[in-house]
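Here's the structure, in structure tokens; my notes come after.
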Amino acid sequence: MTTLQLFMYAGAFILVVGVAATLLVRDLIRRLIALNVASGGVMLLWLALADRGDGEPDPVPQALVLTGIVVMAAVTGIAIVLARRVEQLDDDLEEVEQ
Amino acid sequence: MVIVDVLVITLLAAGVFFVVAGTVGLLRFPDLASRLHAVSKADVLGLGLIATALALHLLITEPGWAAVGVVAKLALIWILALIGTAANAYLMAGSRRRAEVETEEEP
Amino acid sequence: MTVIAFSDVDVLDVLVVAAVAVTAILAIAIPRRVGATIAFLVFGLLLALLWARVAAPDVAIAEAALGGGVAGALLVDALHRRQPAQPKRDHRRAVAITAVGAALGAVTFAALATVLSRLTAEPADLGPLALEAVERSGVSHPITAVLLNFRNLDTLLEIAVVVFAAVGAAALSRDRIRTVTDPGPVRRVIAVIIVPALVLLAAWLLVAGTSEPGGAFQAGAVLGAALIIAHLCGVRAARAAGGRALVLVVAGLLAFILLGGIGLAVTGTWLALDLSWAFAAILSIETLLTVSIGVALAMLFLAAGSRDDAAAADSAAAAPALGGAA
Amino acid sequence: MSAAVSVALIVAAFILFACILAGLWRAVAGPTIEDRLTAFVLLGAGGAALFIVLAAIADLPALRDIAIVVVGLATIVAVVFTRRSVR
């Protein structure tokens, strides 16, 4: 097994685990964390592929991953705003019911 | 050269020892205050010793302006860690103490 | 290095990958939010280590700055909220769902692994092309060249996403985290020493990015974290909310579009840069992007934490504080 | 770099790595939320130590930049977590 294979399969594993957890976990914040884990897997896959072969690594996938990290942070931010809003509304609903 | 190596390895070993001591304290001490005490003081001392070892090694083996730049970076890392870790420990301990005072007052 | 070569499969590589996988599993499997969040933040730090290992130092710095900075702040701030009780599910049903999920995950992994095992070791031809063209881009760092010259449409769209996220978050919550007025001695020290150090670090990452690892994204991430810390340590000028922040956030996007227009007018191609002014254009657009990304990230944070403040204000003063947006 | 120093650096890297992973135990065991977050105080110093040692071993200067970012941002978790205690 080469380092490239090790990193690629690890990336695929983390991606699959993250996606499965995103679909299965109910708690919204934990679901968001799972989505972030999945994106980490994708990035590992991409960066391992960028570094294959000899010489300098391919800058194009690296630039894509860099863009992806910033977008993921923005998505996390707005998803947390939405998740907190949902939970707040749930709490309000419970109060009305009681 | 041998003397420098011995010095570097000694500093490195001492640094690693303090980091390990801090981690053991974090895991084994009974309450938050003593855990913070262990981890914030011993770990930063360990970091400082390790940084000193690396800086010394670099200055002896590859003297030049590049080495000076790296040493400046290592010094910056240590200074930031000194301030940051102390502030972290203070804020965490204060947060816990306030929570405890509140639970004592409530019932 | 003789004992452990950092170029073949070595013990340290396996160890880091194993630790990344373990923290990933912990981050999704720990039922409590606190534990899951911490495991995820450690996962991010280990990823940064791994990115440095796969020769992607730019990505590593961005990961450390975002994972340990703004994303960490967002997740840790969410910890204060009481975790809602999970509705009781039938145990057997839960086990069945998990089993089906695990089986489907295994199938997906097998499919992915099959595809990956057929990949050739030859690198794609885009990489050499990009590396060859770097000298015609105006900057000497390949990734900055790709991001701000060869594929700057991607970067334009990315900054658009960040701007929309910040504006959307601000629109969704009616209040902002308030500025601290009495920070106390330790926070004052942080505001006086750590915050300027972080702003300097951001400036250095920005300028260094034209020739070595660093650039607008890393600098923006550090700046965003610095703004959050400053705001919570009583620096009034660091408040990333309201009209002024909005102007700064949108300025980056508008300037980028303007640059595209200039490219169209001068070279005849949308977003194209002429080598004679490419360096100046890249550095100035990067400066604007840094401010834009930094303020946008801080804006996201200030808006995300506001619901709890508003709720606390509601319970303190019985009247609901409607329309409290400042 | 002499063999003795390089071996010492590698051993140090392994031990520091183990320390960081051991800190996760405190994050899982708690008992209070502050105890769990103490794992970050460890990351701020021990993580930086690991990064600078690896930078020397693998000759990756970028790891030192990452260490600066990590220690610089180390306070953000505590500052954000305790933000409700100040007005």
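Per-chain numbering from 1; labels A, B, C and D assigned in written order.
Everything that follows uses one rule, which is that a contact is a pair of C-beta atoms (placed from the backbone, for glycine too) under 8 Å apart; a residue touches a chain by one contact, two chains touch by 3 or more.
Since we're looking at a predicted model, the values are computed, not measured.
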Measuring centre to centre with C-alpha atoms, which chain is farthest from subunit C? B
Pair of chains joined by more contacts [C-beta pairs], B-C or C-D: C-D
Nearest whole angstrom, what separates the Cα centre of subunit C from the Cα centre of subunit D? 20
Between subunit A and subunit B, what distance separates the C-alpha centroids? Give it in angstrom. 31
Need the CA-centroid distance for the pair subunit B / subunit C, whole Å please. 27
Averaged-CA centre spacing for the pair subunit C and subunit A, given as whole angstrom: 12
List, in ascending order, every residue of subunit B touching at least 2 other chains. 76, 80, 84, 87, 91
So which stretches of subunit C touch two or more other chains? 187, 190, 194, 197
Which residues of subunit D are in contact with two or more other chains? 23, 37, 39-40, 65, 68, 72, 74-75, 77, 79, 81
For this entry, which pairs of chains touch? A-C, B-C, B-D, C-D
Using the touch rule from the top, collect the residues of subunit B that touch subunit C in their complex. 76, 80, 83-84, 87, 90-91
In the complex of these two chains, what residues of subunit A are touching subunit C? 1-10, 12-21, 23-27, 29-30, 32-34, 36-37, 40-41, 43-45, 47-53, 56-60, 62-67, 69-71, 73-78, 80-85, 87-88, 90-91
Considering the complex alone, what residue numbers of subunit C touch subunit B? 186-187, 189-190, 193-194, 197
Quick one: which bits of subunit C touch subunit D in the complex? Just the residue numbers, please. 1-4, 6, 12, 15-16, 19, 22-23, 26, 30, 34-35, 38-39, 41-42, 45, 48-49, 52-53, 57, 60-61, 64-65, 68-69, 72-73, 76-77, 79-80, 177, 180-184, 187, 190, 194, 197-198, 201, 205, 213-214, 218, 222, 225, 228-229, 232-234, 305
Using the touch definition from the top, list the residues of subunit C that touch subunit A in their complex. 7-9, 13-14, 17, 20-21, 24-25, 27-29, 31, 33, 36-37, 40, 43-44, 47, 50-51, 54-56, 58-59, 62-63, 66, 70-71, 74-75, 78, 81, 83-84, 86-87, 97-98, 101-102, 104-105, 108-109, 112-113, 116-117, 119, 121-124, 126-127, 130-131, 142-143, 145-147, 151, 154-155, 158, 161-162, 165-166, 168-169, 172-173, 215, 217, 220-221, 293, 296-297, 300-301, 303-304, 307-308, 311
